[in-house]
Structure formats: C-alpha cells, structure tokens
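Multiple structures are listed underneath, in structure tokens.
Paired with subunit B in one complex and with subunit C in the other, subunit A is shared by the two complexes that follow.
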Partner chain A sequence: MNRGPLVFLAAFLALAASWSGFVLAPQIQIGRQQQETNVVNTAELYPQARPGLARQGLEVYRANGCAACHTQQIGQRGTDCEVILTDAGTNPIAVAEALVNAKVGISQASGAGLAAGLPKTILCGVTAEVAKAAVNAVRPTGAKAKIEIVPRGPDIARRWGPRRTVAADYLFDYPVMLGSQRVGPDLANVGLRPPDANWHLRHLYAPRLAVKDSIMPPYRFLFERKKIAQQPSPEALPLPAELAPPPGYEIIPKPQANALVAYLLSLRCNAPLFEAPLTPAMAPSAAAPTNAPAQ
Partner chain B sequence: MTPSPSTSALPDAPAEAEIDSSCRLPLFVLFTGAATWVALASVFDLIASIKFHAPDFLTGCAWLTYGRVHAAAANALLYGFALQAGFGVGLRIFAQRGGARVCQPGLIALGGEIWNLGVLVGVVAILAGDSTGFESLEMPRYAALILSLAYLLIGLWTVLTLRRRREPGLAAPQWFLLAALFWFPWIYSTANLLLLAFPVRGVEQSVIAWWYSNNLTVVWLSLVGLAAIFHLLRKDAGSHARSGGCQTAAVSEADGGRGSERTALTPPLSHAMGEGGAALAGPGEGRLIGNDYRPLFAFWTLIVFGSWVGIPSTAPAPVWMPTLSTIATVLLLVPLLTVAVIVCGTLTPPPSHRMGEGGPALPGPAEGGGLPSSSSSSSSAASYPAVRFVKFGVAAWLIAGAMKIVAVLPGVSPFIQFTWFTAAQSLLNGYGFFAMTMFGAIYCMMPGVAGVDWPLPKVVRAHFWCSAIGVLLLVVPLAIGGVVQGIQLNNAEIVFMDLTKATLPYLRVSTLGNALILLGNSLLIGNLLGLSARYGWAHFVPVYRSMTRGPATMEVPS
Partner chain C sequence: MSPETNQPVSGAPDSRQSPAKSVTVPIWLMVLMFLLLYWGALYFDQNGAWFSAKVYAPYRTLDQVEAFQVSSGASDVFEQGKAVYNKPTCAACHQTGGQGSPGQFPPLAGSEWVNEPEPGRIIRLVLNGLQGPITVKGQSVNNVMVPWNVLSDQDIAAVLTYVRQNKEWGNNAPAVTPAQVKAVRDKIQKTHPGPFTPAELMKISPAD
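The block that comes next holds the complex of A and B.
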C-alpha cells in the first residue's frame, strides 16, 4: 500500500464505486423520468414545464442566490387517513352501531350526531387498514363514507405544502435549486398561498411592508424609478409615504421582477402522485387543474 | 516507479537548499494567492453576516445582495483558498518527503496565477449574477475552464515531482495527497460536464451536486488536511534526513517555550527520536506517523465511506440514496476514531524522550523574533504557533466530523436539517479544520522555503488567537442557534417569523466571529508581506549595496 500505483488504484476504486452509486445509478433510475399521469385527474400530465416568463424568473432566482435562504422541498413524516361520512343513509342509528362494533376507535356514537352536518369527518389520523374497516362497516347500513389521504409532518402543518416533494416535481427545472437552509420560509408551494403578484412585488421592493419584522433584504434593484409621463402607470407600486418616490415619479417593476414573481407563483407541488399520494382539497377554486403551473 | 530503494547517498541527490529554493516561487505564488482569497472570503462573509443586523445594509447594488455575497464567500474560500493552499502544501510535502526538486516550478507558479485568474473570474461572475445555482459549484463554465487549465499545470507537475522521489515507498501524507490529486479532476469534471455542459434532468442535478460538494468539502479537504497534519505532527521527522527540521523544530520549540504544554505536545523528538519505538515500517518503506497500519486504515475508510456521504435524508430522490448516504456518514466514525487515536499517540510523549532538548537552545517564543535563521531547516520560535494551528485543525476536524455524524442520525436529523447547524458544521470544517491546518502549514513551511523567518512572531501568535477565537465565536453560536431553530421548525405551532427572530441573536454574535476571522486573515497577509520584505532585504539589499558601494568608493577618492 505504500506504492504509488496501489494508492492510485485504491483511490480509483473508491471513487469509481461512489461515482457509479451517485452519478450513474441515478441517471439509470431517474435520468429518463417522464411526465406521469395524475392519479386523480388522469387527463393531466405532471409535471408541466414552466411557462416562458416563469422560466425567466427562475434565472432571476438563480442569479440572486435566493436558494441561500429558501428551500424548495417539503418533508413529510408519514401519511394518515381520514374517514368522511358523506351520507348517513336511512338509519343513522345502525351506522353508529356498525361503527362502534367495527372497533375502529369509535367507542360511542349517536345516530343523530352522525347524521347532523354531513359531510363530516368521523375518523382522523388513522391507518389505511382502520379506515378501510370503518368504510366497510358502514357500507351494509346504506351509508356512504370515503377515505381521504392526508400527509402529516411539521412542514405540512405549517401549510408549506400539501404533500412531500418528490423527484418528479423538479423534472423540467434547470438548475434545480432545492436549497439547504430555511432562513426564510420554504417556497416549494408559494404559488399555492394566497398572496397575489402585487403582494410579491411589494414584498420584493420592501419586505417589511408586506411582512412585519422580515429579515429579507429588499431587492430594489429589480425596480426602477420613472418619471410619470402623463398619467400614473398601472404597474406602479403603491407605496406608503416614507418609501414613496418624489412627486412626479413612480416605482415600476423591471421585467426581472415580474419574471421572478411569475416564477414564484408557478411554484406548486401539489399533484397527487403514486409515490406521494394525497386527496386533493375540494375547494371551489380547485376547478383549475391542481398541477398546472400558474399562467 | 523510481530508481532504487538504496537512496541514502545518491550522488545526484539534491541538497536540501536546492529543494527549498525550487519550492520558493510556486509556494510564494500559491500561498499569497490563498491568503488573499481567504481574506476576501472573510470580507464577503462579514458583509453577509452584517445583513442579519441590518437587512437594508448594502442592498442598493445587486452585486452585494445576500445570496450573491454568500456564494462568493463560499467559493472564494473553497477554490481561492482551500484548493490553492492545498496545492502548495502538497507540493512542498512531495518535494520535502521525496527529497526531490520541484518539477518545473515556473510552470506550477504559472498554473497558480492562472488558477487565481480563474477564481477571480468566477467570483466576479457570481457577484454579477452569473452563478450556476449549484452549491459549492457556483462558478460558471468559463471560470471552470480556466480552473481546469490551471489544475492541469499544477497537478501534472506536482505528480511528476512525486515521481522524482528518492524512495519508492510512499508515506502516509503522500498517499493522502496522491489520492486528493486524483480526486479533484474526476469530481470536478463530472460535476461540470453533467451539471453545466450537458445538464442531466431534474433532481439528479441535485444528487450530483451533493455528491460533488461532499467529495470536495469532506473527502478532498480531509485528505489534504490530514496529509498536512500527519506531515507536520510526525514523529520521525528527525530521522528522515531530508524531511527538513522545520516541523520538529516547531514542535520542540513549542515545548521549550511552553513547559506547561508538555503533556499535550510532542517533546523535543527531533534528533533523539529517530525511529525510536514508534516510527516506521521497514527499510525503504514509507515512514508512518505511527508504527503501523493505522494511517492506512484511516485512509481507506475515509475514501471508501467519505465518498458516499452528502445526500440529505429528506432529499426528494429515490429513498435508497439518502439511506446509503446516512449509513456512510455514520461509518465515517471509523476514520474519525482512527485519526483520533493516531493523533493522540503522536501528541502524547513517550516518557523516555521527555528531555529538554529544545529548552536550552531556545530563549523562548517571546524573543523568538531575534533568533538567527542559521539554516533553512531551523526555524525560529515564530513557527511554534504553527503547531497550535495544526492541533486546532485536528480538533476541529474531529468535532466537525462528529457534528456531521450526529446530524444524520434518524432521531436528530429532522431537528437539524435546513438549520444553521449544518452551516456551522461546514464552517467548522472549512475555517476551523482546513484553514487552520493550512495556516499552520504555511507558517511552518515558508521560513524553510524562503530561508528567512517570520519577522513578527507576535503577529503569528495574534493570528492564531484571532482565528481560533473567531472560529469559536462563529461556529458555537450558529450551532446552538441551529438547534434552537430546528426544534422550533418542528413545532408547527410556532409562527415562522418568531423562530426567525429567535435565531437572530445567535447570528448576530457570529458576526463577531466573522470579524475576528477577517482580522486574523489580514494578519496572515501582513505576515506574508513581512516575510517577503525580509526575504527581499536579505537577498536584494546586499546586491544593491554592493552595487551602490562600487560607485561610492570611486567617488570618495575623487
């Protein structure tokens, strides 16, 4: 082992092994990954490439090192099932009895209680087996119940995302910027959270206007101060007096700012996938396909 | 490979002075470049850190926004300092251990300059917004091209220097360095080709980026740092005629100067030791730091396990990858403990050698500046902090390794991931382990190479204290803050803004550490300038005087 060629061979073998493991094998396994069909909405392929403006925004995100403070990955500690009673049938008392007899963790249930306020979650945080047992138990009584899959974990509880992120979520991004530190909140699903483009623009220009005590640095270089030509531009940022430009001027987002916001709004990893199942929320606004990037 | 094992008296054996002078140019270039970049990196780090006190600090200019400065700091430290200093130290060890002149010192120096150009281009590109977005590989393609060219020059002639060695056997530091020399081009070309030139799809990019980053910051830095540590703390320095007494002298003088440290430090082993008890394998074999296969074991386990580390447990990738990585990280405990055993064995003096050989010869470190530099191999008391740097480096390597292992344990990792704890770990690895070890090596090697001593030993010591306290002030608050942040991140009841506020005090204390590290790094530059000035004084002033005296003596009679 004290000869040059031997040392070289040792290093070669060690590195070749790890190279095969973490460079070659991933390429074989996920290097040719394709869009998958969505488990729920089989007409949709997931993921979709980001639209042009959002693609440009990714470059702004990369150039400014946003990933130094923001991760784009959601973890999950496991998956629970919920049983939701959608129809109590004609005999709620029988349903209640069936549930108690099924020994799924419901020790007492009154028929009247069950029948009121449907649909109603009757079991929460149980395993798939228990949930199935409960559904099977109520079926003979004529009632209807359904199972919902709910991922759990602190990230999910923080509403940073409905499920964990998986390889498919990043298929068309280059570079993939998962980030390693959460100085700021996770952004994997920032496009699903309520604030709109105007909020994001204002947040980029003056973070503490939008979020009190934020430690995010302002990105004013993504905006420009322009003289108001004839009438104020509709794009001009509404700013409070202390940040407002001098009279006759207005603050307009540069194209980079708009692209960055489009990118942020396109961040959503919420399609139910085989490897990350979940029951999508049936919010009325979910008429648009859940996995489609914004715009 | 090399001529013959019967080496002790080859007629063409280069004199020690020749070896030293062949190292001079490349080491000056590489070490001054490295010192400049480490200082710049700490400036960038300080700017980034101040932004946690005042988020509006320096935000008018896109070039100095947090994300860019942060990446610039990491890359300046990694490529500008760590790799460059590693090249220099490796070259010196190859020349010194092999008893060979450096092959093509001019071309290596040129390679060093090209490397510096590449880092400059890369850092400016990052600041200008042209970073690649991959951690530890932020420099864009064109900078990578320059760096590769420079590496070709440096690496090729370094390997050829090793080939000139006079004994075919390789000692532990030489294995580590040879492996590192081979490691870097492979991982760097893989990363650049598959991430920048012909990018792979999706999350595989992240897997390769993690693999690269880990192989560079864990394996490469460990290989080179441990080589330097084994070289500088070795026991057989005195026995090995041409390995230069610098290190031994440093050790013995540290002991002479600080009697209280004797238990922790090698006693004057220099000339007495020889192969006494612990030194080596057999005739013609490489000298080991211990008398056994332990460095070999550390070497093997480090490269075999270390190269699989790096995929975080939550990676959105097929689950076998993080699992394998976690197992490999835990197995890093093996090289960690092995190195701990080796180093403890080296630092604990065998009782028979506890004589004060260093004592009488030395006035003590305080007056060290006045010591004459009688020969290139003797060093002044100024180099005694060099051993401290190296000891700090060993301790930091062990602690950083332990932090890495703890952080991946299944019960712990959910509380550690995405927090400042991982940042603390990598800073301890970068600044605490690698930079400190390299500083020690620079302080130890340069006097021998330049033939003059450090002019201000007090400044060398000041550098040590600035860096040591700086690293502690940087790493300890971040590690604690990271744990606090992690526990709160796992409690969804705590609003995100509140937990950000809870970590701020820790971040703000760490700014102090950044400032001290910057101060220490400027002292390093000062020391290198002082050494250069002294070298210039010693070599050019006599020439100048003899030139000026000529006309002067002519004038007097007239």
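The block that comes next holds the complex of A and C.
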C-alpha cells in the first residue's frame, strides 16, 4: 500500500463531487428561496405560512407516518395551450379566413360555426407559439381570443393537482412531507377536493365508511369515547349502527384529529406561479380522491 | 524484506519487484472520452437551464417557461411603452416614476402637457425636442430636451401611450397610434427640423 495519498484523493474527489451535486447545487439553486409576490395571480404573497392549527396538524401527519403511504408531489409531463374565442367580432367570416391563413392547424372553419356558442375552444393541445400565432391572426379582424395554459401528465389526469409542485409550495413546511410511495392517493391538493372536514374525520375514524374498498387503517386513537353529559355534543361523529358507541356515549375527535384535518384542508398547491404557469380553473373538480386514473 | 531484493540480481527479475511499466491510454479511448465530455456539455447547455431556480421539468430552458406566461393581450402596447421609457430614454431625466426633478426636468405625472386630449403637441415635442422656458403644473423650467426622432413610430406611440395612460401617475388621456406619429413626423420633417419652443407649440392646434 504505497498509493495512500492517491487513494485518498480519489475517494475525496468522488465524495466531493457527489456532495457538490446533491447538497451544494440545490442549496445555491433554491436554498434562499423566499416568499414572493405572485404577480401571475393577484399580486399576493406566495406561499403563505399555514395557520396555527394546520401547522400542528403537520406534526400529527408526521407522527402517524402518513407520508409512508401518501405522497405530496405532482408530476407534469408537458404543457399545452388552448385558444378560446371569446368574441367573434362583427365579421366571423374574416375570422375564419384569418385562422385558416395563419396555418395553425385549422384547415376548415366557417364563420357561422365560429360565431355560434361563444366562448368556444378553437385550438386544443397546441404549443405556445401556435397559440400566440392564432391569437395574433384573430386580433386584426376585431375578434378576441384568449390563451389558456393547461399542464398535462398522468398525475394531473388523475386530478391530483392542476399543475406540478415546485419548491415554493413547501417553503414553510418542516420537514417537507414529500413521501415516496403511493399506497394511497397523492395529497398535494387534497384541501381542494370536495369533501369537507366532517368527511375527513369520518374517514380517519373508519376509512371504509367514506371510501369503499379503502385499505387505509383506521386511526381511532385520534378520537375518544365520552359519556354524554346532558345533551349530545355537536362535535360527535355521526356513525352507522355497527360502529356506534353504546347508548349514552359518543365519539369525539381529539385535538390531534382536528389539527390533522386542518392540515389536510390547507394542502392546495394550485396557485399559478411563474415557474409553474397555469390558467386557474373556474370551479374545483368534482372527482373524489382516488388512485384510479380518470377515464 | 530480504536483503538481496535491494540489490540488482543478474538472474530472472522478481515479478513482485518489477518496475512499473508506463501505461499508455489508447488514443481511441481518449477521443471517446472527449466526445462524451463534449456531448455532456452540449446536453447540459440545452437542458440544464444553467441551474435556474425558476425552471422545473418539463421545461428545459427559461425561454420555454416564459413562453407560457399569460399575457393580458390588451396591455402589450403599454408594456412595450414601459420598456422604451425605462431603456432609459425618458426615465433618465423624467425618472421612472414620472416625477421629473424640480427645477431641472418637468414632471410627466399629472402634467397638463401630457394629458391633452389630442396628442399633436406632445408628439412634436418628443420627435424634435424642446428648448425654452416651459410651465408645467405651475412651475417654470428652462432646460433643453433632446430630440427622440431616432425612435420608431411604433416606439414613440407606445411610450406616449404608456405615459398618457399611466393611472399610477394620475394620467388618463387617449392612446397614441403609430399612424398619428407618422403623420406628424412627415409633416414637420421639412417645415420644422429643429427643436420646438413651448411658445411655438402653443400656437399649434393640438389636433393638427
């Protein structure tokens, strides 16, 4: 062994290279990220710190190992544009001609067809350049068209979130509950899915009451059985006969359960950001949280 | 260590102690490594976005992210005008907030010269420049404004629209079109090549 310094140098270089790639580079990239004015949306600061109860809920989420089965990260494969005609102007025939001449993939368009049923999607799944070309072609004719940005990917098709998640979404979470296995659905925007706090409480107490065939274990230790003192508490869980406590008792969520639900409802990840462009949806999606891809 | 290994032996050399032969790397391996390095550098340049924190997959460059930024469409001229104003052309003297500097450069924010309903005077003023005492918002300023006829009709129209429609500055006057700028430019090219004085401008009908 007379090559000690050389072996040491090689080992040092190998470790230093991986440290630079995995620690130093990300630190330089996003280590000093701060709350920013979200000019894309409404000039409000993004992200906002979670409210106090939700912050405590993060600790409950962490303590119960929710991240072992649930991720909080949405992937995205690509981004498409849609062009929506909002106003056909006074001469729809000229609009149709302009669109055909702009060579944006529309080979036939009739003025009457365009003018009917506005606002109307005239181009779908195109690149930003094509969409801008179409809008510019339409503008001189007096018609108005707008571009909608539509992220695309399997997670988005499952309605787990409107866009990919980025570092800014997790800025105030410590630790970040990214998760790595999707035994259950992704929870990055579970706060925007329709069920309310009562649904989440029932789901925690008895998952199959809320989702048929759920494989989630019940978290009944987040609830307590109490004797009904004078009249039933408004917080008591409404339960079917086979799960109901004996007469004179009721099931009340502990503070941890309420904190966990507040945390779940605070998960959103839907703001349009510079780094994750998106045209915000008008209404929340009506799909129930599920693992199955949307049909 | 036996003592005889330290001395040269005339017989067969001990294989454990044979001097290290210099290893030559084949030239094709060197070329391959350089080609790989070159390809890696190209790939990084095209897909790495230079470690920008604003670029996430599936985007590969900052330009791709910018292509998807929503533009409101109607304010394109306003944005162009803002860019021209802050180049700095106008902002050098009139400041980015349009407040000017007292006694030297008159303000554009709330100025009665800027907010005239017809843009005839202010187009002339920007194209050929100005000299002589001018009264803006009750304050008299005697200075020289350089001509900006090097700017295109499009740019001048955009920057005047930006200044005249800047609600933050308290201005609210109709937009200026490139055609209006071109008409004035053609008209004064022959008849009035030099800078205007405020008195001359006041004689001109604003709609002209």
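In this text, the second predicted complex is superposed on the first by the 271 of 295 C-alpha atoms of A that agree within 3 Å, B and C clash if a C-alpha of one lies under 4 Å from a C-alpha of the other, contacts with A are read in each partner's own complex, and residues count from 1 in each chain.
As a working rule, contacts are C-beta pairs under 8 Å (C-beta built on N, C-alpha and C of every residue); 3 or more make two chains touch, one makes a residue touch a chain.
Because the structure is predicted, anything quoted here is derived from the model rather than measured.
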* Considering only the touch criterion stated at the top, classify A:A167 as touching first (subunit B), second (subunit C), both, or neither. => both
* After lining up the shared chain so the two structures overlap, which partner does A:Y249 touch, if you call subunit B first and subunit C second: first, second, both or neither? -> neither
* Asked: Where does A:C66 make contact in the superposed view: on subunit B (first), on subunit C (second), on both, or on neither?
  -> first
* First, second, both or neither for A:K146, with subunit B first and subunit C second -> second
* Classify the contacts of A:I30 with the two partner chains as first (subunit B alone), second (subunit C alone), both, or neither. => both
* Counting touched residues of subunit A, say whether subunit B or subunit C comes out ahead. => B
* To do: In the overlay, answer first, second, both or neither for which of subunit B and subunit C A:V211 touches.
  => first
* To do: Please identify the positions on subunit A that touch both subunit B and subunit C, taking each partner from its own complex.
  => 29-30, 33, 77, 164, 166-167
* Once bound in the complex, which stretches of subunit A touch subunit C? -> 25, 28-30, 33, 40, 76-79, 81, 127-129, 135, 139, 144, 146-147, 149, 153, 164, 166-167, 272, 274-277, 279
* Spell out the residues on subunit A that touch subunit B in their complex, using ranges where they run on. => 1-5, 7-8, 10-12, 14-15, 17-19, 21-23, 26-27, 29-33, 62-69, 71, 73, 75, 77, 154, 157-158, 164-185, 207-208, 211-221
* Structure fact -> Within the complex, subunit A is touched by subunit B residues 1, 51-52, 55-57, 59-62, 65-68, 70-71, 129-135, 162-163, 168-171, 174-175, 178-179, 182-183, 186-187, 190, 194-195, 199-208, 210-211, 215, 281, 285-286, 296, 299-300, 303-304, 307-308, 310-312, 314-318, 321, 324, 414, 417-420, 422-423, 485, 489-492, 496-497, 500-501, 504
* Residues of subunit C touching subunit A in the complex -> 51-59, 65, 67-70, 73
